[in-house]
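Before anything else, here is the set of structures, which you'll find just below.
In what comes next, chain A is part of two complexes: it sits with chain B in the first one and with chain C in the second one.
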Partner chain A sequence: MMMLWGHELRLFLRQRIAVPALLLMLALSCASVWAGLAEVARQREVIERIQPKQAKDEAAIAAWVAKEGDVGNAAYYTFHATWDSPSSLAFAALGQRDIAPFVLRVRALPLESQINESENYNAELALPGRFDWAFVLTYLAPLLLIALLHDLFSAEREAGRAVLLGVMARSTRALWLRRIVLRAGLLLLALLVPFIVGAVIAGSTAAMTAIVAGIAAAYFLFWIALCLLIARMKLASLANAASLAMIWLAITLVLPGLALLAVNQAIPVQQGVELTLAQREAVHAGWDKPKAATMQAFVRDHPEWKDKATFTGGFHWKWYHAFHYLGDRAVGEQVKAYRTGLEARDAWTRKAGLVLPPVGVQVVIHRLARTDLAAQLAYQDRIRTFHAALRRFYYPYIFNETPFRTEDFAKAPRWPAQKTGQLATASQERK
Partner chain B sequence: MSRTRLIAANEWRLMRRNHVARLALLMLLALSAIATFTSIAHRAESDALRARFQAQADREFDGQPARHPHRMVHYGHFVFRPMPALAAFDPGVDAFTGNTIFLEGHRQNSANFGDVRQSSLLAHFGQLTPAFVLQVLGPLVLVFVGFGTIARERESGTLRYLKAQGLAARSLIAGKALALGGIAALMLAPALFSLGWLVVVEAAPLSGALLLAISYAIYLLFWVMAVIAASSMTRDARSALLYLLGLWALTTILVPRIAPDIALAATPLPTRLETDIAIQDDLRRIGDSHNPNDPHFAAFKAETLKRYGVTKVDDLPVNYRGLLAMEGEKITSRLFDKYNDTQFTVQARQGDTATGFGFLSPAIALRSASMALSGTDLDGHKRFLEQAEAYRYAIVQELNRLQAEAVTFADDGNRNKDPEAARRVRIDPKHWHDVPDFTYRPASLDERLRAAVPGLALLLFWLAAGAAMLRLASRRIGAAL
Partner chain C sequence: MHETMTQATSTNAELATHLLAENSSPPPIEITDLRLVRGSRTVLNGLSIKVSRGEIYALLGGNGAGKSTTLSAILGFLEPDSGVIRVGGFDPVLEPDRARTQVAYLPENVALYDQLSAYENIAYFLALSGREPGRSEMDGALDAAGLQHEARERRVAGYSKGMRQKVAIAMAVLRDVPVLLLDEPTSGLDPRATADFNALLNVLKARGTAILMVTHDLLGAADCADRIGFLAQGSIVDEVRPSEGIDVLALHHRYGERTAA
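This part shows the complex of A and B:
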């Protein structure tokens, strides 16, 4: 039995295209894993790097604010850092992390004008997409698989050996199976080994690594099935190769492009701009509204400050924070609609993934790697929770009119280390 | 010449019988048509939406009630980046950059709500635009249609007969290239229609559109030559197909993705958060407006008093708070400019590194020229950011000047204690009307051409490379016949 396998292996490796294809797969996989690991390391380094800078910035603000002890100044001038650490699988699928911020500072003023801030990035470099392992798997691996499998049967036919093989082999089915497993299996191995090494370095769990490897294998099976389907038409090797390349073009480039057009056309998301414009109007109209009415509206949502909502004079931080809060609240419905639109786009993409295997593979891997739109929205949710905690932290000082001193700066809520369903934490904690 | 045409005509007849070639070509033409119509519609819609938002923002600014000028500094303004007409052909980085910025005093906000950030990861598969269809899919279709043109003749042995009939290798190659070139011209047709439409209906600059057409023609011509050369130099048609597919995957899919990674690793960009902290840090060092004994602001005060020949700020003929606001804004704006310059320099260096890979990939060369000519390259976005910042500075300083001249120092100081002073500091809203609206100045044709030079030069390099390959192929065939 082993001898047969060894024999097939020798036959396969003697083909002109075999060794170059396998080496190319290995090199591409290695390069993409390396690039992904380097990018994730850079992102972690940025998050590490901002901590002392942030601390210094806070200390500098504390130095002058604490002298007067005015909490209004503390809340106005202190920006609080948030960040979204890459998961242990992010190296394999960098996703939207290059265009959406993964570090963002917020302060206790209205959130809607802060949460959609962008990161500085070079748009021309983001345009073609990143070179990561998920890209190698979805686009390049099928091409190499086609190169290795398109003449599986036709080559023997064209060489006049097909009939002979059929007669000589104990089981032709076993023979072809051996050949397919050998060709596709070696290619899969060349793709997966660098990934597994990368996953170990990145501290990914064995289960996660196995799931991704399983997805890659399933994706290979899909392409093998396609190759066999085309082979059934008994065309020449040449026609096989051309047909398969055409199919590759259609399902990896053309149909996803059409799907994007359809999804973005069907679900417009201009609510983002609209709510931003509306929120500014709502906030600034607050300056001109009767103060008593503003405080009443604020107290309805914050009954705990019912007895402290009065003040004298033309300006008070209580009032300032009340109408800023109301500005955010005024666009609550639009925020929800915007969010629903983004989620609908994501949901339709998942549906497209059910029909188009390349999209499906990308969807699943990016979900596992927490680098998709949903992950971006989840980060925003955590920022919302954090922002609410910030307001809750400052309100007692503002409404009780307690002086805000140096030691109070240290009491402010801190951005929590990731824990919500983040499979990455296990490895992070180990470090 | 007639022989060349005869060979071409014969080749076209064969192509019509080739199912895969026909299917590939039809698919490309259909996609081109879809991309053309959706792109034109999308550009028109987006541009109209942005214009509507801009008009709304202008209206809302002008319609503000009587206010203290500093309230208006914080009320701020929104500006939107219009989409150039040729963006309907090649939207470039438009979707990757925010198209609106909130402008206010003391702060510089980011451009937000870029399409891609609001899209699912489908955006990573590429956007179906006329430019994308020709840049990425066009060469592949040429490969499908043309890989066998000469290799097939060699395999079937007809190459010898042609030689026996006294056909020169040059005529053969020229004929085959003419046939495939005809296909390329057909593929270019929808793009030409789209460009023509944009020139006529959307008033796109004619010379820009012409140069775009020429750039794409050169690009496709390179691929025609590469396909013919590969088809004549390989052992059989299948090898030609595999080599060409490899070349396409390498130059059109792989290198364009690797180039940015290398450029980013070579010159990293600081995050907004870090820049923000650095600016705050610099500000505190230059002059801390919160510190009453700060040397910079003490000197500013002394100088102001001296200029007006008074001894107390109360005696100034203008509102000292307004002057202070103007001085503060001047300092912060200078820092914004300084950090922006650094950022733009880094981005330009990254761009140069990535464009350098145009020596390995004609697709990179074409994309660079195409975006520059369409006015949708990073320079276009940078221009928007710079103009928005200049506008921000102008309106903030105008409002600060109003605070200095139309609000008295005494009223300004008492506005929270004395309701009458509070009423007086709210100045006439006609001033908001007087603040000019934002008008975006797009890149001039001259600037676009200059930005397109590296890409165009690289395309010419590829044209020369293609011609050299073809010559080599012709000589080889001549020797082999």
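This part shows the complex of A and C:
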């Protein structure tokens, strides 16, 4: 039995296209893994770099604010760093990390304009994006698989060996199965080995690595099935290759593109920048509204400050923060609709993935790598929670008119270094 | 003495049993009343042939007479509309894998893997049929087929038609199966190689192989076949035994008459 595998391997490797195809697959996979690891390392480096810079920036503001102890200045000028650390699989599928911010410095001022500075859209359905391993798996590996399998039967027929093979082989089924396993298996190996090395370097778990490898194998099976389906038509090798190339074009590019258009058409979503503008307009309108009405509206949501909502003079940070808060609230429904729209588009993308395997593979891998829209929205949710904590931290100083000293800076909420979603809010309950 | 006699008696008994079994076993190739229709055309129409162990049967016929179709049906690649085919006792349609274990086949145009040498081609094809011949065994078969030594390690991409045919002949010899099917076996061979080939057929015949060849070459068939069947319109219209002393001219005349009828 092993003897037959050895013969098949020699036969395959001596084919003109075999070694170049395998080397190309290996090179593409290596390059994509390297590019992914480099990008993730860059993002980690940015995240690490921002923390000392943040401390330096904060110290400079503290030195200046401490002179007068004005909390308004502290809240206005202090940016608080947030970041979304890449998962150990992000190197393989950068997804939204390529187009959405992974670091965002926020102030205690209105959040929506800060958070929506970048757009979100269905990256899964976007036409070829960044060169990463998921891209190589989804778009390029099928082409090489087609190159190796399109003439599996037809080449033997065209060369006149089919009859001799049929007569000599004890089992023709086993013969073809061996050839398919060898061709597709070696190609899969060339694709997976760099990925596995990358996963080890990135610290991914064995289970997660195995799941991704399983997905890649399943995707290969899909393309093998397509190749066999076309082979059943008994066309010439060239016709097989052309048919498979057309199918590749249709299901990896054209149909996902059309699906993207259809989803965008069916679920219109306001752009993030429109939200930002709407929020900014609402905030700016606050300057011209009666102060009493503004404060009244604010205390409706914050009854705990009802007794502290009065002030004298033309400008007060209480009023300033109140109308900024109301600016966020004014676009609350739009924000909700924007979010719902994005989630609905994402849901349709997942549905498209059920019928379009290339989309499905991307959806699953990006989910596993936590680089999909859901991960990006989860990061936004953590920012919102953090921002709420910032407000809860500053409001007692603002409404109690407590001087803000250097040591108070250290009491501000901190973005959790490791586990996102939990806030280091030593003083968040302070009022 | 007594021991020697007992041994001799036992050997004779074994031989007798063996011969009895041989005589009672079905002929390696047995085709009975075969009918095969392709589209609106009846390609084989009541064809019946039996080829015994150690017999060479040449099937002669013009283009479209059904020669290649007969081979395809024996190999199980075509399903007959009616009639019976048995190869080594197996039905090639119902038991194709078992039937093919009984058959070696030499196509008219031998296509090998260009990227492999003669040795590697033989090793590969024989591995498919479950055999693993050693280098000396392969050399023996290639010597018998007449392929020169210096060519054997070379990739077959540069081989002539005759050289490829010799590799295929060596494969057929090495398979050592009861049935050998030959499709225009000498069409690519020069006269000397043809003579070598005929000698090789006689070796296989002596080994008990049933050989069925389809050919246009009446002279070649007369040289080596025990029986020659004239195939016309899908059935055997005449059969001759060259051993009965028919001269070539008469054979040509008879063939022309029968197949034109």
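Note that the second predicted complex is superposed on the first by the 399 of 431 C-alpha atoms of A that agree within 3 Å, B and C clash if a C-alpha of one lies under 4 Å from a C-alpha of the other, contacts with A are read in each partner's own complex, and residues count from 1 in each chain.
As a working rule, a contact is a pair of C-beta atoms (placed from the backbone, for glycine too) under 8 Å apart; a residue touches a chain by one contact, two chains touch by 3 or more.
Just so it is clear, the structure is predicted and the values come from calculations on it, not from any experiment.
**Student:** A:L164 contacts which: chain B (first), chain C (second), both, neither?
**Tutor:** A:L164 contacts chain C only, not chain B.
**Student:** Touching A:V19, do we find chain B (first), chain C (second), both, or neither?
**Tutor:** In the superposition, A:V19 contacts neither chain B nor chain C.
**Student:** Between chain B and chain C, which one contacts more residues of chain A in the superposed model?
**Tutor:** B
**Student:** Classify the contacts of A:L11 with the two partner chains as first (chain B alone), second (chain C alone), both, or neither.
**Tutor:** second
**Student:** One more residue to check, A:A245. First (chain B), second (chain C), both or neither?
**Tutor:** first
**Student:** Look at A:M3 in the shared chain and tell me whether it touches chain B only, chain C only, both, or neither; answer first, second, both or neither.
**Tutor:** In the superposition, A:M3 touches chain C alone.
**Student:** Across the two complexes, find the residues of chain A that touch chain B and also touch chain C.
**Tutor:** Residues common to the chain A contacts of chain C and of chain B do not exist here, since the sets are disjoint.
**Student:** Once bound in the complex, which stretches of chain C touch chain A?
**Tutor:** 75, 77, 97, 100-101, 103-105, 107, 109-113, 115-116, 120, 123-130, 132, 168, 171, 175
**Student:** Which stretch or stretches of chain A touch chain C in the complex?
**Tutor:** 3-4, 7, 10-11, 14-15, 159-161, 163-171, 175
**Student:** Please give the residue numbers of chain B that touch chain A in the complex, ascending.
**Tutor:** Going by the criterion above, the answer is residues 20, 23-24, 27, 31, 34, 38, 42, 49, 53, 56-57, 60, 64-65, 67, 71, 74-76, 78, 92-93, 96-98, 100, 102, 109-128, 132, 136-137, 140, 144, 147-148, 237-238, 241-242, 245, 249, 253-254, 256-261, 263-265, 268-277, 280-281, 284, 288, 290-291, 343, 347, 350-351, 354, 367, 371, 377-378, 381, 415-417, 419, 422.
**Student:** List the residues on chain A that touch chain B in their complex, please.
**Tutor:** Result: residues 17, 28, 31, 35, 38-39, 42, 46, 49-50, 53-54, 56-57, 60, 64, 79, 81, 95-96, 99-101, 103-105, 113, 116-131, 135, 139-140, 143, 147, 151, 237-239, 241-243, 245-246, 249-250, 252-254, 256-261, 263-265, 269-270, 272-273, 276-277, 280-281, 284, 287-288, 313-315, 342, 345-346, 348-349, 352, 358-359, 362-363, 366, 372-373, 376 of chain A touch chain B.
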